[in-house]
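Structure first, commentary second.
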């Protein structure tokens, strides 16, 4: 058999491709799916099955696109009003060469979540790998709050049953292939591991160490952040995403051209580093570094207004548009030719914001009382502690909390390092704040410098 | 300015891309035109003009495809019933950044042929480069017979005027960028040179050394080979080629699957080497090595029957399908997974043909009188000479001459080296010849061995 | 942590690279080790440890080369007179960022074999992965005969203890990372699996299902093939291989040049397909397809005579020389520019051998009694059966059995498909056999054709 | 024939490779010369000749390295005490397949400068291409001041003779292949053209339009900038550069490690953008963007102190070290793993400098009198004009002019866009200036904004 693990960076989404005897299956394809066709070609195989572990909410499914390009049928779970593909059920079996894939219904993350169990009959009928989608991850399990607040207890019960009765019982030696790795918004504690096994998770996954009651209580009490774009993804993935071939490629646009596009409502995303952004940027632009797009674009960007990117030096940002495509932003335009230098060479207006080191911040705090905004998530704040007197507002929810942040007083924004801090600075600047500073190194630097931390 | 020369191997077709100030133009794009979009991205430029020197007859124009993908307008010449694009005329000028492109009408190869003259006004208004399409090549000029036998003299006159009055007069220092390089079917004597200049051609191009009368007389007397697919290309390029996005990718098919496709009429093209073909092949398959597809597929393959490729070892022949796409063969299927070994491992019928060295042939000829078929073109036969008693039939016209070749007597096929020989062998085998042998090394080896050559 | 599995195709040798916190370790590096330096760069890490599971006998260790290029120390096992590197022992621990590697002494394949157990302390101190070298493979275990016939029982006992007491007891959920995958000469039954786990092996590995006594009895009785180059590798790997930087790159040589090199003793390896070889080749050349070099070159090629390769079409065989370098063939020259066509175009002598289909062989056998040579290994012959009246001589040992093969009678060589058959044909031709034929498809085709099989 | 033009970006150095009949020659190889070996492999050719047009002073010649790797002999000109290679003279001829290269002695730039004239005898004995080294460029000619102030008139005379009598007389249609393109320090007015011809230069090159006397007068009066590293290059290229295989690869180093290296004297080069540098950098670091290294590193960096690079985001700066290697900086170490974020996350000291837009500068100038430093070269200042009251100090000579720049007053640095401005800011900061600001967009923005320009 052959096996490929395909990681979509940033999203930390993992799809898998397995093949045998000239046939191949793809589990949870991403939307930009040329990679699957290339792998099929390289392995002299035809894609014959597309499996979806569940209706995703954090990215646009590539199943419909891949079905269009390969002709292969899509299989997903029951109890969901999918407008495309085929429904499959517990106990169904699929044959790909010597491989046998059998289906488990494992609700919990969503109602129709499936888990696919792979055996390679050339060796044995024993389970070899399990594609667990968004149920069991390495070091964590998937969130169970998406069905709504009143369904939390019920979904937690389902997840508990799915994992303990169906997945863990497959055997300790089974290789675990989940749909997300470390860094995903679908599980905050996912380990940074290339692979795991049922046995390793039994021994090390802290969530599995909780008894049934604690598991349910905690899950019911939790309210993970919910990016607004999730609802859009759920809708799109139920109804069937638009095909990428219908959209034009992003292209370079000149500074002159972009000024008129800004006037008519386009959104500028600045993908440079936090320092580069601070020392000069287009007024009204949003600061999100390239790898941050998958996690943060969906909190801030409007699906109806075109998107234009800007980088340092020059050119070719085409690869970054994969991120937008995966999030369903199909209304993109391109990037500014020549990058930010082209902008300032053309004497266009430049806005500056501040940066400071933790030492400077400490000094300042000994003299005056700046407004200190902590944009990290709750968990990080709890685990690591925080700078005294800082006000917590999670970066994703910053726009809703604007009224609570004083406008005519210097604001210092910090996160764990400086990237989300820069995003926060850009959001505030967009809302008219004029004295905003990003604390370089954020909490990491503060701790390293040995300054006082509160909990 | 930036400049890129893009060579489509096999066809020896050359397209050009030039850019300045964030804009770019493409001259004579090929049909698989992602390369132009990638180059535009890399140069932070937008494609704003697509120029066609003439309605091609040896490949499918990529102008319509590129216009579809880039949004740029197409410009071609007058006096042709194009169903798409814009007509431009002598004296028209186009601006791309600091570049100025002006149009010359240079009929001869076709009635509407254009030549584009480039000046870089940043340096000077002097002509810098000339995109001469199919008029003046390095070392040769384009054929003038395509308008039909009765138009030969008239077209030769037009070509003479176009070259001598318009192109040569641009100045010796002008860089010549023609639409074809060595190996093209559009000019047999094209030099294997990366670039040329007007001055170098004046000094070295033998056709330019002929006086007017000799030029016309020779041209009128000549009848270059006319591959049957030319008529299809002319039609397609006048009416506007289908868009590639409408077709599915080629894919691997299994031996079992291919047997049923053969039964229902698909054409097998064997892209292995002449020796590999001889020692075993699928009965009924056509032997054309990969780089030979552009030159020879159009003589033998049916546009209406699907095409399947087979190679040695295994897999991935996707890149070879670019050749078919350029020739307008859109009814392709894919390739046999696992290559020829998969075929013989499956105990499918294998046909053998012969190979011999020139020494063996010589020996044999001293003892008996084999039928010796010379499939080289006339010019090569005239220039190099031939093996005594061999019968000339140009490979492209072999199928029309089948009745002249004895069926129940050993046939030895030779060309200049062995590739076209193998193609000839495969064509004869397809027509029921059972004792056919490819002379390895062909005329080159015969000459090197020091054997008698007739002229 | 990050993790990379690096497969050396053909050898089916697997090395691993793991990293954390800016440091990285390599387990069992191959000799062409730029890939490790590139991976270190890409992961912003410094190579700090080189681990060797044992003194290899099937390829040249890259440890010394990598130590030279990276400055990292080498660690290998005790009880072996290594002339380089450091000895490490059971219980030693190494720290690479958050990773902890502990050493197990696991003799059996060799006396000093080590197994490395990895824990990622960021998650847990539980074993996460095990680098088992040549002890436990997926679906097989390593050979235990290399210490010599009189040591077989003793080594089998050691292997049994190493596996059952040390490796299997690590826990079912531990991921197994052995030094070889399917196709290696170090284990004939290795499964074609990307990864395995202790638990999966416990359930499915047939060798582990044998009780102690059967295990020892079988192992003591077995005599796997022993390629002659193993002794060279053992010596080289003990003494420390020469550094690659000391050798010149392989380069293209002309046909004229190669003829004089042949005269002075160079060895020609023909890497074309079996069919291509049959229909014409350089007299005296050895037929080994590219991917077959790692497995078969070591049986036939002399370390003291230079090696020249020849392929179809043309050029650039530089990548194939990695195979020779891994086998310790440092006396290589290059490849014939222009490939085999250049040879026959130059009217150089061409030798032909035969091919036939299984149907033709069957026909022939009904009329006469050809000498049928089965060059498959014993296991394949036993498991699949054989063509009646065929004589078994394993391809690797063919040269020693030449006297048993009749010279003046047609010889038909077959293997399982046709590659080793072609190699056998070339060896016989080299020894003066003139009527030698390769049975295309070999035993696979024979079985598929439904012909009688003996056992 | 085949032909490759190899551009070393930044240096704008161009080397050429030509081949025919399995042989190849390289003209003016760069030091990192794997590209020539790869091209030789790809073209099935052996490098048989290495030609040097002159002893370079702006980069380390790759001739010795390439000779070491390929075995080919080196040919350079007479009247120079080279410690390696062979001397060749006017009229010498070299044969590479069908190509004939003949030598012209063309002193002027250096005493031993050669020009190589190429004819492809397959077509004609007429000159086809000319490799003019540092004599005639596209749009300019090479500097003639390097032999020292008292030799300027003499060298100008020689250059005039070399160009007018030897090169221009080759014929208008000859393709010109000089050793530098636009952006080189060896000719300020070189046109941004892929190729030129003798004829095009005759018509458009402004230097060729000067009569003899004006040419000599101007040349004798001119004093182009002379980077201090030129003397090092001249010495190294005369004596024979060290071989690259003798040096270790650059590698990633941690922040902790780099702090101790800084303490012991290493030089930090910050390759981020001007804005990124301004908003935070390592105190004492030099700001040179990646493509600026070839032109500016040689003015500022010490050959005896190790070099460490730092970038945004993370890692892998290995490719940038090619630039240093070409300049002869062999004492390099590597790059800071994790980039600048790793630095500030570790709470290391961060220094800030200022940025401002031209509008802000204009505003400020209406209120106070900042010190305005123009670091552009003389020519740019003359041609474009300057901001009123600005003081010109060319960036390369800034360190010598430090005493003239007021330390306790705000300094605003500008260039044409902002890159050299950032370099200037970093140099001043290194010398203890605390209020230094880079004017974003520099003179380009100032002009675009429509502000007053002085001449």
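In order of appearance the chains are A, B, C and D, and numbering begins at 1 in each one.
We take it that a contact is a pair of C-beta atoms (placed from the backbone, for glycine too) under 8 Å apart; a residue touches a chain by one contact, two chains touch by 3 or more.
The model shown is predicted, which means the values in this text are computed figures rather than measured ones.
Enquirer: When I count C-beta pairs in contact, which pair ends up with more: A-C or A-D?
Expert: It is A-D, judged by the count of C-beta pairs in contact.
Enquirer: Which one of the chains is farthest from chain A, going by Cα centres?
Expert: Chain B.
Enquirer: Just the number, please: Cα centre separation of chain A and chain B in whole Å.
Expert: Roughly 49 Å separates the two chain centres.
Enquirer: How many Å are there between the centre of chain A and the centre of chain D, using C-alpha atoms for each centre?
Expert: Here chain A and chain D have centroids separated by 44 Å.
Enquirer: So which bits of chain C are touching at least two other chains?
Expert: Expected reply: no residues.
Enquirer: Quick one: which bits of chain A touch chain B in the complex? Just the residue numbers, please.
Expert: 22, 37, 40-46, 69-71, 245, 248-249, 251-254, 314-316, 318, 337-338
Enquirer: Along chain D, where are the residues that touch chain A in the complex?
Expert: Touch list, chain D to chain A: 272-280, 289, 312-313, 340-341, 344-347, 349-350, 352, 355, 357-359, 417-419, 440-442, 444-446, 448-449.
Enquirer: In the complex of these two chains, what residues of chain A are touching chain C?
Expert: 1-3, 120, 122-124, 126, 128, 139, 171-175, 191-195, 197-204
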